[in-house]
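Which chain is which? They are A, B, C and D, in the order written, and residues in each are numbered from 1.
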Amino acid sequence: MDKIKEGDYITLVATDKRYLIHIIRGRMYNTKNGSISAEDIINKIPGEIVNNIGIFKPTIEDIIMYGIKRKTQIIYPKEASLIQIKLNLQNGMKVFECGTGSGAMSIFFINAISPDGILYTYDREISFQENAKENLKRFGFYKNVKFISKDINEGIEEKDFDAAFLDVKEPWKYIELMKNVLKPSSNLGIIVPTTNQVSRTLKELKKYFIDIEVIEILTRKYKINPDRLRPEDIMVGHTGYLIFAR
Amino acid sequence: MDKIKEGDYITLVATDKRYLIHIIRGRMYNTKNGSISAEDIINKIPGEIVNNIGIFKPTIEDIIMYGIKRKTQIIYPKEASLIQIKLNLQNGMKVFECGTGSGAMSIFFINAISPDGILYTYDREISFQENAKENLKRFGFYKNVKFISKDINEGIEEKDFDAAFLDVKEPWKYIELMKNVLKPSSNLGIIVPTTNQVSRTLKELKKYFIDIEVIEILTRKYKINPDRLRPEDIMVGHTGYLIFAR
Amino acid sequence: MDKIKEGDYITLVATDKRYLIHIIRGRMYNTKNGSISAEDIINKIPGEIVNNIGIFKPTIEDIIMYGIKRKTQIIYPKEASLIQIKLNLQNGMKVFECGTGSGAMSIFFINAISPDGILYTYDREISFQENAKENLKRFGFYKNVKFISKDINEGIEEKDFDAAFLDVKEPWKYIELMKNVLKPSSNLGIIVPTTNQVSRTLKELKKYFIDIEVIEILTRKYKINPDRLRPEDIMVGHTGYLIFAR
Amino acid sequence: MDKIKEGDYITLVATDKRYLIHIIRGRMYNTKNGSISAEDIINKIPGEIVNNIGIFKPTIEDIIMYGIKRKTQIIYPKEASLIQIKLNLQNGMKVFECGTGSGAMSIFFINAISPDGILYTYDREISFQENAKENLKRFGFYKNVKFISKDINEGIEEKDFDAAFLDVKEPWKYIELMKNVLKPSSNLGIIVPTTNQVSRTLKELKKYFIDIEVIEILTRKYKINPDRLRPEDIMVGHTGYLIFAR
């Protein structure tokens, strides 16, 4: 495995905390288990442990959770992972996404359909797309993707998508449009935070799609003491309702 | 999109029920919304709806849930999806799995690392591996995979894996072995059904790995009536505890 | 403790199954652990175990779950218990309930406010109230209660209630009424099964009440094998949304 | 209803925050919705709203959550409520509790068995019992209770309890003792925070009790915006495992 060099992005693990850092000579990085300098890290092989701090290549989860700059609420790995499965993502697929947001979901999509697929990601907010592009470039995911800064109300040029995903405020406005740009046997995914949005979306979905599902995901983490095994005191209670159809 | 022909596997959707069927001339397929004949389906394009029954190309979820023959308890999509993310699966990776079981997880792994990766899947039960191979062949996933019918207690020839996954009764016995066959910056995933197994596994993991997580996933499905939105009365309460480390 | 005699209601426990039976000479009672006759039970002291079958005085939970005749969907102990706390029920209180339904919640209320309190329970369905009365009589809870067969749309004679509980289809219609019949510092509880009902109720509640809470309760049971501790495979996913205010 | 006077304990409600205060002339009380003086509160009737701050008589839940002084981890209302039901608490019962802790659970027990029942509450830590006594006195629950500062290892004088509850580190040590001091048809409840404790307790319980249950309770609160109904972002993930038997 390649040695770490200046400019790399690296995940530090100090006990149960993770830090995604950019290696720049002269810098010190503070962690729960003390400080470590860029010089301590350069030329190490990922996987080594220095002064009780683990040095790793960032996973996609690390990138999403600790690496990307957020200009919007992001979709978390627990939801992103189910979305991948429910949209049946495979190498070579042509996928539609709106909105781009901070690009978190885009990274999951690009990873799932690479090396031969392509993601078309729409957002009418140019500043969001600029930020998302930077996020993708920084971590090597600016490939297999086209950014389109446009309100999809005005129409979508491409069609025959293998899957589509909507993360917008009023998804019910775009259901018919999704039907028209998806291949007939394809899957649509939607995320919304409130039950009112679920109800309005369902009403519209039932006109154009079948096999509709509404799902919430709860994940519970445990404290990792083997002799005192118990869940964490606090858990995430809600990120969003996932809606799928085909 | 290609027309459906004899020999294809197809998913039928009748309201909220799914059926994964093998198209053989002369056969009738019963669904919640009535029967449909092979002849009604052949030459249709996936995505069409005939007599209130949707005709679709099977997704990977359909294949896992309704298509594969089960000789063992399988890992469900909600767990499988998080495992993919936590193991940081990407095209081109070399992945270790034990045991193969019915091949459900193998399908997820092969999909995530294709077209350039490879899965080594171990199971000492030859009958399980034969069944799993048939499952993979039937649905086009018998590629990018090597089956090894062997007890991993006797050792693993390959090494430098990018990720490893254990679905065995006594994972604590193989933690050191996993450490030795994984690349240093790689991720290990484990699933066990009981808290006692979690405790024993954690004890051993802490000797060789860091960044350990224990996670349970609960998914809640909703009835899709927009004017009477509410969760299903019954939900899956438990499949397994997921353990991850690197 | 008194010996069991003919006519008593008794809970049989056979491993993990419970049966609430009425002791009548000559009858046989089938359980998971085999049959037992009335004669085997009569003159035993509650708490004894006969032929691997436990013989107990029914708890309120037994009565609600296995004893009462149901003409309506009932409120389960997990919800009932939180309702008791949130309504701050204490001996001597005067409590309002609508509708009576099968009387399950009435039993909890009567138990919590006895011996000095009183429950006024309304239901416009006379047949429901007749059934509920029978349920209360059968298990010794027909005390500290007044049944009123009337649509509360037509008004409520009593006032100055210490707590009120609504289990009706359109609770939003009665919020102002509740405000008028409750003492100023009292608590209101409501149960509804759908999110749409929660939204409509909240809109109206905010006009007349403060300190509003919406709560769902999930309970997870575990298999009681100490060496293979794990949750049950299936759990109850939903009974209702609880709303409280004062 | 009586007017509020100096010395009373009062719950202030400012939007979604609650404050349990002691009314002392000259004091100001800060809330989310601004300050309020003791003089503004004295002579008001509970239930009034002053300057957008609700003034209420404290409920038992208020007392437990915001009123009592905590020297130990307390049992929360969501668990306490189910414990009441599962122990089948009724007026007149004689109940055993160990340990007293901060007296939170004692308050629930005393409320449930009053006016005719009695609680025997044991704790070997005299300082805990002194604190708990003060908590009970402050809020009017120092009645129907006997405090015993003693290690129950040394034995329990009383017997024939109608219900017993253990909140101790090693409940498995006291299971046989519980069997001996409970009436034969009575219920035992136990709370422990870890799965390891559940396993050890179950092993012992199975020797002396039947009808054993292990239950976790999760409650999910919702944001009360009717047009944007959704669960709170964060929820309590764990307080304890409840074990019941008879």
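Throughout what follows, a contact is a pair of C-beta atoms (placed from the backbone, for glycine too) under 8 Å apart; a residue touches a chain by one contact, two chains touch by 3 or more.
Note that this is a predicted model, so its numbers are computed, not measured.
Student: What chains touch chain A and also chain B?
Tutor: C, D
Student: For the chain pairs B-D and A-D, which is connected through the larger number of C-beta pairs in contact?
Tutor: Of A-D and B-D, it is A-D that has more C-beta pairs in contact.
Student: Just give me the whole-number Å value for how far the CA centre of chain B lies from that of chain D.
Tutor: Between these chains, centre-to-centre, one finds 45 Å.
Student: Mark out which residues of chain B touch at least two other chains, giving numbers and ranges.
Tutor: If we look for residues of chain B contacting two or more partner chains, we find 195-196, 198-199, 220-221, 227, 229, 231.
Student: Using the touch definition from the top, list the residues of chain D that touch chain C in their complex.
Tutor: 1, 13, 15-16, 18, 45-49, 54, 56-57, 59-61, 77-78, 80-82, 84-86, 88, 90-91, 108, 111-112, 114-116, 183-187, 195, 198-200, 202-203, 206, 210-222, 224-227, 229, 231, 241, 246
Student: With touch defined as at the start, can you tell me which chain B residues reach chain D in the complex?
Tutor: 195-196, 198-199
Student: Write out the stretch or stretches of chain C touching chain B in their complex.
Tutor: Counting only chain C, the residues touching chain B are 193-196, 220-221, 227-239.
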